[in-house]
Each structure stands twice: as structure tokens, then as C-alpha cells.
């Protein structure tokens, strides 16, 4: 981002992005920590029957975090070469949505519905922005994109087929638990991913025979994508290693 | 499919198969969408206590879809070089079974049993036909066919052994839950695939010791095929890449 | 097994083993089928409240199967070059154990305890003998023997640690469900293999925090061996392919 | 460890470490067995309502084991070239913590709280020390350290997001089961690892739709690290094989 032009704009941008000559990665690191801290306070905030003292502390913490992120937002706008473009970019909107609810609920000097405050979960996206390491995962997923799409379609077909089958076999015996194919989809998703909560279970003989057959075929199909991503990650790592290291001597003729 | 011969038959075939010069993949794309739409209406149709208005809408939607697929079926017959061969082919029968129930239930001007209408799930097979991408999965499965058969046999032996064992240890303590080896098979299938509904659980000490031993060995054996398919898919992809790209420089002498 | 020497002994051995010139794999194929059939009758036999007719049929089926396997046992003894060695070999004992219970329970003209008849499950081992294809799995497992032992030890340490931890945190809150470390072992085995029956669940905050930490680490360690076996199988298949096929052109200099 | 210097110190060290000329791996092997034995007695000790005779036996067994490990500890100190360095090393502290509780509870001639005696689980760490084979696993994990960290962060983000989502959708319908985001974290951990106890389950339509979407994406991300470790182990094994064996002939030009 440090584009060679001197000036305070470039300085601020470099500091925020972690490219600054002296500050280095200090600013993103602190912002990182602040996001994690605020995500914890959001979680704590949902606990019912907190003491007034704890709630006061959480409110104070929220104020501090919001102020800092407001400053960050302002600095990002003023330091941007094209401010409007940033404001309407994906990350610009995320940055705004993370702080806006606080000001909206503060405006009327009274607590508006909680749901709005929960929008602060947008800070989770902010966390992802700084985590460049997630790029590797993204790259691995892109490299097996085609296979993943195939398996997504296969998974949808399998889920629908299972949902239909279990509805067909169990509807008469358990009309309340398997009321429609949509209940079957819930059962199929929970069963094929092997979560198996046990809230809806086939009880008829045919339903169980169907489930057993489906389990051995369906579970395999649903689980393959994980193996694909793992293999892709291993390949990316190997290619990376090949580029930086000389080839092992036993591979050379 | 466009076999070079001019004529309306070849034109229609090309249009339906997505090889048409001008229409391109439009027709299969529309049919695709129609199938997905009708699968959703089938699911909605199973919801009990729908309003009359919704049901009227679903009936109308069904009529439209059936008419279109009847036209498709008719066009496939008249455009086929050997119509009878198509009619008695696998896909010909699927195409017929997908529309036949509607006409059968319509004939008597009254609603016959629902089960017959559920045959419409054959549209799911129609969806698979158009999804050529599933070929890759089929190819991967075929390339590890031998290992998959080995594991199918191994899985059956393991399931039977576990079913027998749990029946042996738990039958006396839970005669209603483990009444026969078939209850044991249900338990073994649900446990070895790690679904674990929790509806039938060993409670005796020996049954639990048996389960623990079986879990660590059996789960592994049951789950291996997934890894096999994933590896096979990765190999297919690599071979594909090797054919289209030049080999990496470090592999050349 | 056809050792070149003419004679009826070698003929019988060849027939049983499936190496016979004319009979080919017919005899093992029929014995195979008989074992599968008898395993199904064993399962059916455990169903309570069967009709007298069904039970008569099962008894007759059992008689037929036992007679055939007795003939097989006798033929194996008389055709063996060293009969005693066969009788005391692993498979000789399995063959005897599969038919002995029937004669023991028949001797007194009354039905002795069922448990003895269940020994017929030894037929499952007979099935495995004929399934030579399972050798591939055995070879794959042997090739990663060292890693599997490492993971067995790691799994035992992880299970003990988890059992201890959950006992420590939950014993006070659920003294009946987590009465001793052995209850913890049951919980650890069911949880770490992700079966999760839901019969014993941590309810204290510390127990849940411990479980969450343990889940993300432990599940991974327990599941790795499956990936190992899959990789080993893939390697064996590739080596096999390399031996029978010429190397691909892009690998040659 | 046998550093060439003659003397009883080096002799003792060699014996304990399993490098002794005559004793070989006898001493570590016996200590190994003792730890396993004592871990079993610790587990037995937690069973409530044991007979006095069993408890006396367990007490005696504990005494023997503690005495032997005290001797080992003393020998390790006196045989160390720098005793203090050993005492304050990680393994020195583990060795002390494994025997200390016994002497503390013995001092007052009465049974202090059980919790202190449970510290004997430190013997589990002692077991790990002798199990050098676990190094392979450690090496495999280190070789994919970067990817594992990426997935740890991804897993934390996914868990938080799921916890937040389920809390948002289910809190109103089940205020007791999804009281705060922390209950959501418990649900997310149990669900994404596919354990699925079934103690907390979404019941609202939106909660279930959210769960289905999350299951197919989240489960894959959580399970990838296992595949990574398996691949890394396979790579380590292959490199090892390449170093000790000549390359296969078909790889040579």
C-alpha cells in the first residue's frame, strides 16, 4: 500500500495496514486484539442476570472499542486516495456496520432492541480481514472448486432423496415428527453429516433399512469434500516448498 | 448428438441435449430449473394443513411442469432415430414414470392415494441426467472400485460381528431394545458411521467394553472408503492437469 | 494347492480351494453363499416370538448347512497331506467350532442354552477365509503398522486423560453418571469417536470448557489413522499400477 | 547418554534411559509397565463402594509404585551431572509432582482431600516421556504447523459465528437452553465436531435452516486438519523410505 508518495495520508494507510516503516504491524495487531476483546464482551453481554457492575464494565468496554473503531473508520476515509470508493466498498460497509448500531442506539438515550446491538458481530468479518493466513484456505478451496460444486450438487440430490425416503417410510408412523419432506431434510442433514442428535429417528422397519443403506452410501459422499480440501492444501504446500527449495537429490537423474 | 444430417429431428435432439447451434444450452438449462422448481413444490405439497390457495397454486404449478415434461417426452420420441429403443431405455422409462402418475390420478377426476403422486420424485433422476459433472465422481468411484468392494465386504462383516456382539451382551439386560440381531444391525450401522442417535445404547459393562473396542477398530474401517474416493478424485484431477499443462520444470532432467 | 501329483486327495483339495481344473471356483462360491445364508438364518433365529413354521424352516436350514459343512470338514481332513496339522490349525479349529455346537445341543435331544448355538457366528470367520480380497486391506494396514501403533498409544493416552478430566470436573455434579474414571472412559470413547450418544454429557461449566478443548484436539488425533490407511491403500494401488503399466511418458527423460 | 566417561553416575543414567550395555531397555520397560499399572489403580481407586480388601490392595500397590518412583527420582538427581538443572526441568517437576501428593497426604496419618491424590495423573506425562514413538506425530504436526494455525483461527471464527447465529435464532424459543452465546459455543462445538449429543437442539425453522447451512460448510472446515496431519505423516514416512532405500527403477532415467 506504501505507494512511494510521501505524505501523511500514505503514512496513516501504512500504519493501519501494518506496512509502516517504524510502527510495523503494531496497529493491526492492536486492532486485532481489540476485535477479539470486543467479541468476548459481546458474548458476555448475552448472559442473562448479569450484575450491574459487570454490565457497567461491558458498557464502558463497548464505548472504548467503538470510539477506537470510529477513529479507525475516520482515518481510513481521510487517508484513502478515493474516500468514496472505500466507503462503498465491502470492507467500508463492514467497518460502518460495526460501529453504526452503537450510535443509533445511543441517540435516543435509551436502549433500543438488543437485536440491533448484535449487529456488532460484524466485527467477526473485520477479524477475518486482518487474518491474511486464511488466504491459503481460500486458495485450496478455489483449486478444487469444480469438484466441490459437483459434490454440492451430489449432496443436495442425496439430501433430497433421503428426505423424501424417510418421509415416505416414517410419515404414517410418526406424523408429528416427519410431517413433511422439510422435516425429512432436517433429519437427512443431521444424519448424513453424522451429527445424529437423536431428536428425529426412524422407527419403522422399512425406515430403518432405508436409513442403513443410505448411511453407508450417503455419509461417504457428504464427507469426500473434506478430503479434497486437505489434499489440495497439501499440494499447495508442496508446490510452495518446490519453489523455494532445490529438488531433492534422489529425484535428479 | 448433432450427427451432421440436416432435418428437424436432429434440430430438436440438439435443442434438448443442449448442442443446438443457436439455442445452445438454453433448453436443458430451463428444464433443469423446472425440475428444481417441481422438486420444491413436491416438498411443499407434503406440508399438512396448507391453505387452499397454496394448494391451488401447487396444483397449477404441477400441471404446468407435467405439460412441459410431456411435451419433452413426446419430442424425444418423435425426434429419436429409433423411438422404441428410447421408450424402453432407462431414461425413457424415467421420463415416463415422472409424468405418468399425474395422468393416472387425473383420469378418474378424483385424487387417488398420495403415494402414487410421490412417484414424481423420479424427477430427481432427471436432474442427475443433466448434471454431467457427476461423471467425475462416477469415474473416481470406478477407479477405486476394487478397494470399495473390499471395504463393502469388510463393512458387512464388521457390522454383522458388531450386531452379533451387542445382541449377545445386551439382550438379557435390554430384551426390548436388543430383541434380535436385527436390532443389533441397526445399532451397529448407527454407531459405526458415528451418527449415534442414542436411541439404543449398551448399558452392561461387557456391552460397553465391547463397544469401546469396536469403536476404535470399526469406525476406522467404515470411514476409509471416503478417503479412497477423495484420493482417487485428486489423482483424476492431477492426470487431467498433466495432460493439458507441460510438466513442471523440476521434474525434467 | 494342485501340487502336480495325481490322485483323489489333490482333486478334492483343488475343488474346495477353487483351483480345480473343471469345477473352477464353483465349490468355494457355493460354500460362500451357504455361509451368507446361514448367517442370515442365525440372525432370524434370534427374533423372539417366531411362528412355529418359521422356526421349523430355520431348524431345517440349519441342519442342511451343518451337514454340508460337516462334509466339508471331513473332506478337508481326509484330503489333507497331514490331517492332524489341519485339525489343529487356526482354520481347522474354526471349521470344527462352527459345526460342533450343533452336535452338542443335538446329543441330548433337547435344546441346550442358546448361547452355545450362537457360537455359529464362527461362520463369519469362515466367510473371511474365502474373501481373499481382504488381503489388500491387511497389506495396507501392515504398511502403516508403526504409525498405527503410535496412534493406538496416543489414543489410549488421550482417552485416559479425557476420562480423568471429565471425572474430575463432573463427578461432584453427576455422581451417578460419572461415578468413576471407567464411566469417564465410556464417555471419552463415545465422544472422541464423535458417536455422541448423549447418555452421559458434561453439565458443569468447567466440564464443558474441558470438553470443547478436548474435542478439537482429541477428535483429530483419533481420526488420523483412517486417513493413514486410505493413503496406504492408494499407495499400494499405485505401486501395483506402476508394475503392470509402463511409466507415463512425461515421467521419462 | 553414555558419554564415554566411566563411573557409576553414567551407569545409572544409562540404565534409566535404556542405553545400558547389559541391562538394555529393561529398566525403562519395567517403569513403563509400572506407570500403566498405576494408571489402572488410579482408575480403580475412583470406583465408589469398593470392598475394604480391594482398597487395601490399591493402597499397597500405590505404596510400592510411589517407593519405586521415589527411588527413580533420587537416582536421577544423584546421577545427573547437574542435579539442580534436572530438578527444575520440566520432567524433573513432573517426576516430583507424581510422587509428592502421596507424601503430603501421608504426613498427617489421615486421608486429605481426594483431589490432591488425583494429581497422580501426572504419571500419564511420565508415560509419554518414554514413548519416543510419539515424536513422529509431533514431527508431522510441526510440518503442517502453519496450516493448522490457519485452521485453528478459521475454526474459532466458525464456532463463534455459529454460536452467535444459533443464539440469535433460538434464544427467544428456548431461553433456558440457549441463554447466552456461551451456550451457543457449547452447541457449536458439539455440532461442528459431529458429536451431536442432542442435549441442545435448534427447534425453530430459522434455527434449523441456519444449522443445515452451517453443517455442510462448518463440518468440512473443522475436519480438514485431520486430513492434513494424515497427509503429513504419509509424507514423512515416504521421505524416510527414500533415504534408506534406493529409488525405484522406473524413476531412474
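Just so it is clear, A, B, C and D label the chains in written order, and each chain counts residues from 1 on its own.
By definition in this document, a residue touches a chain if its C-beta (ideal position, glycine included) is under 8 Å from a C-beta of that chain, and two chains touch if they have at least 3 such contacts.
The structure presented is a predicted model; accordingly, all values stated were derived computationally and were not measured.
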item	value
Same-residue or different-residue interface between subunit B and subunit C, half as cut-off	different
Chain pair, B-D or A-B, that carries the greater number of C-beta contacts	A-B
Turning angle required so that subunit A lies on subunit D, C-alpha fit (0 to 180°, nearest 5)	90
Between subunit A and subunit B, centroid-to-centroid distance (C-alpha), Å	30
For subunit B paired with subunit D, centre-to-centre distance based on mean C-alpha positions, whole Å	42
Residues of subunit A touching at least two other chains	185, 194-198, 223, 226-227, 230-231, 251, 253
Subunit B-touching residues of subunit D, taken from the complex the two chains share	194-198, 227, 230, 253
Residue ranges of subunit A in contact with subunit B within the complex	144, 146-147, 149-151, 153-154, 157, 160-161, 163-164, 167-168, 171, 175, 179-182, 185, 191, 194-198, 201, 208, 211-212, 215-216, 219-221, 223-224, 226-228, 230-232, 235, 242, 247, 251-253
Residues of subunit B that touch subunit A when the two form their complex	39, 42-44, 46-48, 115, 118, 121, 124, 127-128, 131, 133-134, 136-137, 152, 155, 185-186, 189-190, 193-199, 222-223, 225-227, 229-231, 233-234, 237, 248, 250-251, 253
